[in-house]
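Below is one structure; the comments refer to it alone.
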């Protein structure tokens, strides 16, 4: 597996800011400044109340950290719905926060209001793929709306790979399910003894995306998919599904579930001699899975016990301990001291979203949405937690590509125990998949977006 | 400051229409149509499926007004099919079988791949850029597009003075510019108004009186010569028609729909809330009930421009940071007990309504204003749903 | 039997093991007032229910005669028999409880004709039904209560309204199930007068336990006993029939002295109400 | 819906005795749960005619309360026996608390509504459920328990013997299922005794038909209603406590919504006012659930919502064929 | 002095309508008292007032020496006041047996009481398992009376017991009531004037929510000028 920046020839360097071709430093940003002035209104839609507010909050925190890093200030804390402003030289960043309550309906209303009443220049947000899809379809992609929407952390690959949602205006910095699958699937195929895989997923956009992507990738790598089943969220009858997997002679199972379904899945999975691999998720899910594993394997949890129970490898889109570079170090420090937690799964992507916005405003010298969109097209983002120039928006679908790591879960080390509330965490990466190998290529049959 | 926003009013209109259609059957014949969301969902899905080119024989450009009519007619057919089975039952059983039908549709539309890639997440308009227009089909100038984003804007009025060149006319010359929100407000409102008058008219017709007779005492109604089955079927079909029109307006304005906000039985539950708060067995009551519901909701969310921002601005930093107990500040208390807790207070309020204002807003108001009609309505509510006992 | 308006043939109804009505063949003339009597549980109300279609007969047929000849009513629904011209009142009060007295009758009147299907017209466009209702209320003595809510009437008043509702729509045949039950002595006379009055242009079949009312009104008496028709004939004949005496009347004697001097053997006590007044 | 070929598949599949045995056993366990979640409702709905929409929320509260007892004390009672004993303590606690709550709710909220049409009781409980759900959500957020996801700490208190799958005659039998079946029998017997050994059943049925008359006959209708409502709510809570151990349900706010409709279906299918009907309907729904689940998991039908769909098909089917429910009284809404 | 039941100047309202305008009457132990009057004068309301089903707004109701005004109906009933209402008020979904069983105080000696009821109305025996709602009107009336009998009440309030009964059954009812009267008091509302006069020791005549006349039944007939006036 490759690591680092990937190779330069593959990267489209049409970004308006110069000097990022070869993974240069962050100094480029100020050089390319075309002295923008004015107010950039950013509409931020995330779940800020309810059960999954942590998804929204970490996304916002990542975003704010990205802005803080770029504007060289401290990140905003105590964020609530409403408007906050950040001064950045001649540019004022006006951030309007709206709570989506993890509901597509609320998100749609929020987006509509942001566009219509608040007249925002940019939309950013949505943790649920259903919400992001809805916002793209009913607001951003309608005639008369010409501002960009940076979706994230909503992870369904479809948002940037399906003709129904993808458009000139829909961007995503965050990593998506296809990236999980392409990296994890490739690694599992090449580096483990897995031959026959059974796929299970939650029956909605996220789960379907996971399963579809794994299927494509695994099949391309010569692994046989012996079964595939979608179940409603919160499903619990895994007994039967695992029996089916056994009957099909599967030796591994990939779960496309979130925290609502994963515990049931894991509980049953432990009773079967089958490897479980897939993607790491957020602290909530790790806490849940950790709890299940503790219940099943007994205390204390050890790395060996986990490995012996054939759990992993998992890909991670980002976790604080997977990267060592200056930006990441600064980010982890900034984030931890501001919010009391280590940056979680979604934060690198949302950091990058903010970073790229800032970069686009500076590069285009305009605070107009349409110019920002133009500037972001194909941009390589200079400052990101995965390193300098580690994210690049692909021209054909506006999805940012970035590196993904593969790791096994390990018990949370004392160093992080204070700021990571789960009993397991991703271990040292066993592999890094370069950014040019993670996303769905433009000519892939699964890529339904051709901008 | 506490006036509902235009957008809220539009929601009130289309959902109010749905609640009215629910009340039309439930409040006037005494048959609680707990699965009424089936009609709403049908209308809602129908409009989008056509717009996405997924309904055979109908092009995705079919005028919205035609769609509303077709959705209504489709609902009539469905009502007749459902009713043929359901009207053999009464009371709770009727409520439950309609609920069963609606839930079957709900499960079905949540899982049917044909409607969209992720049926559980719902669907949005994809195949139609021009939005949905209300007006006279095929006559462009007589159509206004609704929708918050695609909706038309409109300048209304005549500058008579400018037109005629007679300066003296300037006092009667006004122009009013309307944004898409306002245009949708008037256009959706117009359709709802028309539907309201239609229902009102039917209730005050001999047919409506027969419906009430059924509510009062179906056995006797049959014995004096009413084919109660037909009357019920007719009433159900009419109410299904308007329910589907409401659903159609909903998606016409929102351009998206999900199983949860259409077919799910709690959608009918919301209609029930609206009916009770507004006044069960009064045609317009549910509209007011919905207005009340939405208004309260808006009042109690931070975004709503209601109580919370007001409190924040009025109380001042000092008060907000006052500690009540144990490091728990006023600001936090507001956050915990008020923000987004509209559900709690609507629930409480609803309970109080049920206990102390059983005739709903409109019913009570009418009774207060006096008149025999009022007395009848209030009484009617009390004696309703006789078949409900075991 | 020349102009019969209603006839049954072998009409039978079983409820599980019980035969409530047992092979009744009966005819009603278009201008007569016939009383149907019998002990409690004899099957009178059930017989009514079979005639009006509220119950479906187990066997036998019901036929109805109008200008076009005989029609088979067997198994038709209540609203169909009602439209055919067969109306009934109920033994257990059965009104539209929360509407006004006037509306109770008006809505019953409206059931005849096709007004109900005209859902686009206002009720106000059909004043004839209101007029009819007013007339009927006048006849049954409830005109003063026209605006009262039906459920607030006293028991006796409800009985009167019961009759009013049955009269609406000018039926050919009136089936009255104990119209005088619970009506006070004075009002009984009114009810008797009223029934006599309507019997002039309606065929009336009357179930009543008050023998004075029966003897007063009936042109003919039919007696049901355990579901079977055990007697059918002119009042005096039936009254003197031994079987009837045995099964039902238990010594009823219309000429017996009234209350106050009963001998205590029960015959007086079982006498009619209001006998002395009548 | 199912093509002919797979119909044959299905037949062959279920002819396999081990599959059949497993499905039947699963079905029994599910049936047991359905009976339990419907038991409280059938008391309140069947006897009093109060369609208790708060049933779901009360189940969820029972689940959390039961879980609370378990989580707080489970560490001190580690063995199988200790934990099972503790569970019974939890059940008693939940029953006591919720019975008291139900009684209070009846006295303060439901009682003023008896002289109104039954619709108003439905509405009231509908309002109550909105309030309870929000309150529960507030409490859970305050204590940082994820409300929309299963409460795993509570599930972790399951004793080993219940968590494990045991081998009985070559069949994998889940301890939890055995426990559920046993508890189902206990609760069914308890409700049965309550109905037959006390006169409350009779009083309530009389009282809900004509409260005035029953009172005039000397029946303390108010008290009877309070007791029955309280007990109904108590049983509802106990069902919740048991569900907390089952990962298919588990303590969560959503439990309320998940429980409500199936409970309605079971009560209606069984027939109002007959507990026997509820038990039979529970069995029917449980077995159908197990069979349709098996149809899906064995890939004979690729429709994951099959069990959910079937629950409502059973409801509609029953009402079409036997409008009064399996064991219900015959005349519906008669006068 | 020691009246079993005494209504003292009671005023009763339905909503705003003033129905009883100061009714005073009493029933002594062992006595059978008839309450007569035209339709709608407030006879039923008087009985309801005694039972506290419609408590008086003014005045007092004393039963067995205790002021029961404003008490719960079931308390009053438990104290020994029974009611046989005018429109039968069956628990129509309950069987005949269950209907009667409800009336047995504290559920003691159910079998004995059932036997007693079926003795009084032998016809009911064969219907014991049938739903009361399916009985004929007259049969229901019997059940209603049977319910009053098995309550072992000191006082029975009987509202038009002969309504809808065949003459023969009226006889049964009269006998049953006479039997009750031998060890309990009766307050009887009855349209069947002769029957009322036959059963009662005394009578009260009501008009417009007031008692206008009262006397012993000795020698009274409906022909009496005064009574005629109020009955017509």
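Note that the chains are named A, B, C, D and E in the order they appear, and that numbering of residues resets to 1 at the start of each chain.
Everything below uses one rule, namely that a contact is a pair of C-beta atoms (placed from the backbone, for glycine too) under 8 Å apart; a residue touches a chain by one contact, two chains touch by 3 or more.
Values in this document were obtained by computation on a predicted structure and should not be read as measured data.
**Q** In how few steps can one go from subunit A to subunit D if every step must land on a touching chain?
**A** Shortest path length, in steps: 1.
**Q** What's the overlap between the neighbours of subunit A and those of subunit C?
**A** Neighbours common to subunit A and subunit C are B.
**Q** Identify the chain pair with more contacting C-beta pairs: D-E or B-D.
**A** B-D
**Q** Could you tell me the distance, in whole angstrom, between the mean C-alpha positions of subunit B and subunit D?
**A** 33
**Q** Which whole number of Å gives the spacing of the CA centres of subunit C and subunit D?
**A** 50
**Q** From the mean C-alpha coordinate of subunit A to that of subunit B, what's the distance rounded to whole Å?
**A** 38
**Q** Which integer distance in Å separates the CA centroid of subunit B from that of subunit C?
**A** Their C-alpha centroids are separated by 47 Å.
**Q** Please output the residue numbers of subunit B that touch at least 2 other chains, ranges allowed.
**A** 111, 219, 382-384, 386, 390 - these are the residues of subunit B that touch more than one other chain.
**Q** Which residues of subunit A are in contact with two or more other chains?
**A** 50, 203, 232, in rising order.
**Q** Touching at least two other chains at once: which residues of subunit D meet that condition?
**A** 205, 209, 273, 304-305, 308, 329, 335
**Q** Let me know each pair of chains that touch one another.
**A** Applying the touch rule to all chain pairs gives A-B, A-D, B-C, B-D, C-E, D-E.
**Q** Given the complex with subunit D, which residues does subunit E contribute to the contact?
**A** Residue positions touching the partner: 51, 53, 72-74, 77-78, 82-83, 85, 89, 91-94, 98-99, 101-103, 105, 107, 131, 133, 147, 151.
**Q** Can you name the residues of subunit B that touch subunit D in the complex?
**A** My answer: residues 32, 85, 88-93, 96-97, 99-101, 103-104, 107-108, 110-111, 219, 265, 269, 272-273, 276, 280, 336-337, 341, 343-344, 346-348, 350-351, 353-355, 358, 382-390.
**Q** Touching subunit E in the complex: which residues of subunit D?
**A** It comes out as residues 199, 202-203, 205-206, 209-210, 212-222, 273, 329, 331, 334-335.
**Q** Using the touch rule from the top, collect the residues of subunit E that touch subunit C in their complex.
**A** Listed in rising order, the residues are 14, 37-40, 44, 86-88, 123, 134-139, 141-142, 160, 162-171, 174-175, 191-199, 217, 219-223, 228, 231-232.
**Q** Quick one: which bits of subunit D touch subunit B in the complex? Just the residue numbers, please.
**A** Per the touch definition, subunit D meets subunit B at residues 49, 51, 109, 112-113, 116-120, 123-124, 126-131, 133-135, 138, 142, 205, 208-209, 261, 264-265, 268, 272-273, 303-305, 308-309, 312-313, 315-316, 319-320, 323-325, 329, 332-333, 335.
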